[in-house]
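Data block below; observations after.
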């Protein structure tokens, strides 16, 4: 499925994805400014209604990305066709955006349509302006730099994101499982989970990758050879991330006041129900700063995948820079900046601000 | 399917290269210790700058050290180690400086095998450099956390008895902070050996992981080789963290 | 002979080496309001937690409407829906709004649909006079409001009996009143309550019996009149005097003259 898709044009749509992420970020800040100005009580982006806003953001992001990637599959040559594509894209975006806003915030359709249309207009104007300026700056003033940037993004971004997301998901499942084993399990489960943690934190990631990729070549027999390497990297990263994430979740669960569990049991909720509806939601929120840190570690360590030949940003950068030493240093600098852009805002946003917000809400040891 | 030959035979074959494993281990430890120590002093410097380096209003021409330190820390923590490694490796060439480093070599005899150990040459130097710069940034954050945990109250108290800022940091905050940071610092210290394997990417460094590569190309037993190397790393890391645990207990002060 | 709603029979409980409860027996009839008081560490909270089997007793039995709930095969989760508990530190679910706090038991344990559960939850919040605050999160509520939500949460489950574990001890003095008022209303409406508290004023107003526990044993039982006029045990007298000193403005339970006579 996804692995097969990799063989097609999907991994050439890095630019489309980068664009949509940028647009998404801009739209979030515009929403924020707009709602603060208009004082709309139900559309406060970074407020206590945590789930609603995350839902909105995620759905919008996914839609943006899927539309962008599907369009880049049909890159066309004629200008008119290209413009039509853009218009259709924006229309679909507005339509879906209005429906989402209406559903999540219970505004009527006209209000939400107005709201989304306004945002889309702003974004269009912004992106056109931005695109124009960037084209001049990068196209004429820093041609090599922009060449490197686009090359790296176009061919490397998708795999990097794919590796990161899949490994994080594997790590999440494993990490939660292990944390539950350590907090709620008996001595044997505890010992097992502890052993797992010690084992996979102590092995260098590269060694783990090599063990899966070259030591166990028959592991992913049902995949194409090139995809097998990708799969072994994802597996290795996921297993190792699971060991670290179990620490994060364990700390979060333990920091929840035991009174919460007592209150839940005293209502008649079973152990599993109490965990699922009371402890887990709070633990996830508390774990967010530490987890965003883990995200940044995983995305940086995805650069190891290049070691065994799977395409991702760092390897692409080395390929681009291969021609001469100066170009190589430049491409390393570019790719470093790219990784930085993907890690710093996230850890900053979810790290400091989330910790402050949690204190306000009284969670995290409260 | 997985084991082409008998596991015992595999083990014997791989362990036949014990001299390479040993020299690789030595080089790994050599690089690790240098990176750890240099990284520690760098990290301490950075943490102090970031925490206490805001320019005082009197001397307006002093640059904002705290912001500089913050930028350094965020850059080195926010970018992958590989990119940093490559960047520094090719930088002299890019700047048209030729990278000549004093080369240090040593060799000795152990159990009738000649063990050659290269202690310093250009790739090793770059490896240690990049590792220290990177580890320094991470250690700075741990140290800064412990500086904060000592609390501003004590600084205020020191100020109120007339101590200068520098003096109060040196005599009051630092001793406590250094003791408090040991648990989290041991975390970084114990896991740093893992990152030495990255020098594999610039080639020419024969530390443990590169030796594994060499061995498995000769013996055609990749699984066994890498498992043995993995076990070696686990042992190294476990020993280091146990050692640090002991040190932590020995230097304890009630209440810290 | 009316069967007691709640019967606690010779309950023993120890933590590690410390024997906290030493053979406590107690009965509650329907609509009874009984108050347990005593020095800290006497085992009062432990007793409550034994009753709803959060910490099961080592020895002894507990009967709810004639059914022994201490035997192993009992479905504790179902039993707990019939015993409500209000905590000293409120223990509200911080990630849920007030109305969700109250309705979650109805939805997840009793299986009610969201609409029905919310209706019942609003009714419960109405009884504690907090309907306008239903959509607020615990962090936005004062201590007294939080505790009232806690009471509503227990009420909504329509339990046979509600246990109160020092419900006002963690509150600022100005906020104690609103919670006590709610508890008074509940008592007058016929709710069966077992309350651990120092609030003697409340006890005098509605309690059918006061129980003094010290070091895991029931020292003395009686009506509030009994305690204010002629408490038998010396320890009870000491404790009541301490309460006097502490609470000052509360009505004294011991006569002034008796003190002066002795002194």
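As written, the chains take the letters A, B and C, and residue 1 is the first residue of each chain.
Everything below uses one rule, namely that a contact is a pair of C-beta atoms (placed from the backbone, for glycine too) under 8 Å apart; a residue touches a chain by one contact, two chains touch by 3 or more.
Computed from a predicted model, the values in this text were never measured in an experiment.
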Inset, instruction - Give the identifier of the chain nearest to the protein's overall CA centre, each chain being represented by its own CA mean. - result: A
Legend entry - Reference subunit B; chain at largest CA-centroid distance: C
Legend entry - For subunit A paired with subunit C, centre-to-centre distance based on mean C-alpha positions, whole Å: 48
Legend entry - Separation of subunit A from subunit B, taking each centre as the mean of its C-alpha atoms, in whole Å: 29
Inset, instruction - Quick one: report the Å distance separating subunit B from subunit C, using the average Cα coordinate of each chain. - result: 58
Inset, instruction - Under the touch definition given earlier, write down the residues of subunit C that touch subunit A in their complex. - result: 52, 54, 77-81, 83-85, 87, 89-95, 104-105, 108-109, 137-139, 150, 153, 157
Inset, instruction - Could you please specify the touching residues of subunit A with respect to subunit C in the complex? - result: 48, 257, 259-260, 262-270, 273, 277-278, 281-282, 285, 360-363, 366
Legend entry - Of subunit A, residues touching subunit B in the complex: 198-199, 201-208, 210-211, 214-216, 218, 296, 300-301, 303-304, 306-307, 314, 317-318, 325-326, 328-330, 332-333, 335-337, 339-340, 343-344, 347
Inset, instruction - Show which residues of subunit B lie in contact with subunit A when the two form their complex. - result: 1-2, 74-75, 78-84, 86-87, 90-91, 93-94, 191, 193-195, 197-198, 200-201, 209, 212, 216, 222-224, 226-227, 229-230, 233-234, 237-238
